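See the structures that follow.
Here come two complexes built around chain A, the first alongside chain B, the second alongside chain C.
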Partner chain A sequence: MMSAMDIGAEKASGGEGITYRYPAELGVWLFVFADMCIFAMYFAVFVWEKNLNPAMFTEGQASLSTQLGGLNTVVLLISSYFAAKAVHSARLFNIEVYKRFIKLTMFCGLIFLCVKFVEYSDKFSAGFDIATNAFYRNYFAFTGFHMLHVIFGLSFLAWLLFSVKTVEQLKEKTQAIEGAGLYWHMVDLLWVVLFSLLYLVP
Partner chain B sequence: MMSNVLTDKLFLVLTALLGITLLSWLLTSFVNFEKKSLGAMILLLAFFKVRLIAIHFMEMAKTQRLVRIAFEAWFFLVGGGMIWGYLIG
Partner chain C sequence: MTERKPLIIVAVVSMLMTTILYAGGMFYISGFLPPPSPGLSQLEVVGFYQQNHTAIIAGLTMAFVGTGFMLPLCVIGSVFMAEVEEGFPYFSVMQALSALATVIFTALPNFIWMTAAFRVDRSPELITMLHDLGWIMWATPSWGFAFQLICVAVVGLKDKRPKPFISRWMSYLALWVAVGVAPTPLVPFFIEAGPFAWNGLFTFWVAFFSPIFWIALLFVVIANDIRAGQQETVTGSI
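Right after this comes the complex of A and B.
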């Protein structure tokens, strides 16, 4: 039994009679790329508006909790590692390890949502909302849209956790698992840029 | 167990990502750089992390050539564009 990673290595060394399979379906890569382009426009809007209102954005940034934003970054990076391990285990058809890593990934995703809930609650109770000013409009719109991605990713992972009960089902769903992993990494990757832009860049 | 962790490439990538995150935070908290240079440095570190995630976690290097080119173009155009836009502001 050969995993996709092994197949890639065989192809690189010129192995014959081996069917090469790319990680995840092309459609998922295109979807992820399109989503990243939408976020690229958000990043551009943020930088542009920050240049127009530097004082307002500095003041808005000072009201954010770098500790909570940083905690969420660490949590998502760790979840991405677990997702990569889940994909690797799925390719080896190791169902027990696969399920353990999917659960750990989901656990991290839920922690992210809880921290976001605390952050939003703090902001709302302090009187800040999406209509406060340009900084908060960007902050709530971008982090809110990103949070929807986290919720969608968690739903996808939950479906892959509960629909895979046997090794046969794991074999059938390997590409779907790779797709879910790819999507989850994109969610992590976008947060890395959002965290730097919203919380750190002066 | 310890040697397993040390030979796990994904774990080493995670360690690097966490280290760069800590470095970015330390730069904003304890280092007294000029504002624009500091911001550009943080964005550069963020896009370095993004590339690490894409190459090692997303397995970008193992996918179709066109997808790879599109993603590399995204990193350089979006990263470069953001740093340029930030610096001219």
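Right after this comes the complex of A and C.
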């Protein structure tokens, strides 16, 4: 079992840059798949409970701010673009561009957290919290869990920013950078689904 | 390099002891697992303790003995991890210390429930309180275990030897299990049954069985490694 995976992850280097049979490590893909399974369960629970009590969920949805949620969607989509650019420049061993794009990605992630903070404060001051009802339980638990993913993602990015100082270190970490990029795209994708499910779907 | 095989045998035996004693005590004898709904009425809770008095005490005693057997497994994990780390083995030590926290928080609720079953004729409010205290203590603090898994994953990913102490994909899966147990701090918010209550889909079924799945997978991988090692008659690394 292991030998097949090792071969899969083996680098086939030639010329400038590195090419793999697939980006990042197989383990990252496994993590992404397993994590998305948990989120799929979240979505299923949400839809199931919404069918049990449509009135409560419609009312709850109306109280959410589509503007703030939409802003966060745009911010994360832009950050995904920056992450893709960072991975691309890491593959070309262009350390200056790489660092700039990692910083931009992290900046967008931090904006996401700030907007999230504003959104949560709004809800708390309006008297809604996680124990209010099933809609708010799901809203706070799912978006909170997603926010935890963003925070972890930001820590990976910070590590990849501060531990890479020379081109050699960048070469060593290319695969880890691809992994972080993949993870970041997953976080983005999950937010897009969460946003449409919680804020938009009538 | 530590001789691996005797340690692995001890780990397998201790894991089997934990599984038999804990699962037997909690699922079969005392009937504590799968967890009862947090929405049970006072009458139902007291009735549960009165009807199953002896079985509850017997099952919980058996289960808490079983939790102790998690320690050899975790310490042996730290032995293999320490071989990878350079200098002071921070992550190995932290893994072992977190294992102690996991064991304590898994075993302590059993004594609280035993106290509830000890004098079943006491005031129903007190029995319900001990019942709730036990469940909140059992279901909420999973982060010691998450720390264990994160330490294993960090060291596993650092391990650049041709035969790492744990496969890289197992390290990533360990990180996933750490994510899977992460929602348990939500347990005390919900007094009614739901996906985040102490018998909920995410806080019990996913958070309890994803670690078990990972540990079972670990033993399958280790068994495969040993078998492959015997076929190759490789000396040294195994």
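Note that the second predicted complex is superposed on the first by the 181 of 202 C-alpha atoms of A that agree within 3 Å, B and C clash if a C-alpha of one lies under 4 Å from a C-alpha of the other, contacts with A are read in each partner's own complex, and residues count from 1 in each chain.
Quick note on the criterion: contacts are C-beta pairs under 8 Å (C-beta built on N, C-alpha and C of every residue); 3 or more make two chains touch, one makes a residue touch a chain.
Just so we're clear, the structure is a prediction, and the values are computed from it rather than from any experiment.
With the two structures aligned on chain A, chain B fits next to chain C without clashing. Contacts of A:V167 after superposition on the shared chain: neither chain B nor chain C is touched. By the touch criterion defined above, A:A141 lies against chain C but remains apart from chain B after alignment on the C-alpha atoms of chain A.
In the superposition on chain A, contact of A:H185 is made with chain B only, not with chain C.
Of the two partner chains placed by superposition, only chain C is touched by A:A34; chain B is not. Of the two partner chains, chain B is the only one that A:T73 touches; chain C does not reach it. In the superposition on chain A, contact of A:V45 is made with chain C only, not with chain B.
When the two structures are aligned on the shared chain, A:L26 is found in touch with chain B and with chain C. A count of residues in chain A touched by chain B and by chain C gives the higher number to B. Of the two partner chains placed by the overlay, only chain B lies in contact with A:S196; chain C stays clear of it. Once the two complexes are overlaid on the shared chain, A:A126 sits clear of chain B and of chain C alike. Between chain B and chain C, the smallest C-alpha to C-alpha distance in the superposed model amounts to 13 Å. Judged by the document's definition of touching, chain A residues 5, 26, 30 lie at the interface with chain B and also at the interface with chain C. The part of chain A that touches chain C in the complex is made up of residues 1-2, 5, 25-28, 30-31, 34-35, 38, 41-42, 45, 130-131, 134, 137-138, 141, 145, 148-149.
Taken in their complex, chain A has these residues touching chain B: 4-5, 8, 22-24, 26, 29-30, 33, 36-37, 40, 43-44, 47-48, 50-51, 54, 66, 70, 73-74, 77-78, 80-81, 83-85, 88, 181-182, 185-186, 188-189, 192-193, 195-197, 200-202.
The residues of chain B lying in touch with chain A in their complex are 10-11, 13-14, 17-18, 21, 24-25, 28-29, 35, 38-39, 42-43, 45-47, 49-50, 53-54, 56-59, 62-64, 67, 70-71, 74, 77-78, 81-82, 85-86, 88-89.
Against chain A, in their complex, chain C makes its touches with residues 167-173, 175-176, 179-180, 182-183, 186, 189-190, 194-196, 201-202, 206, 221, 224.
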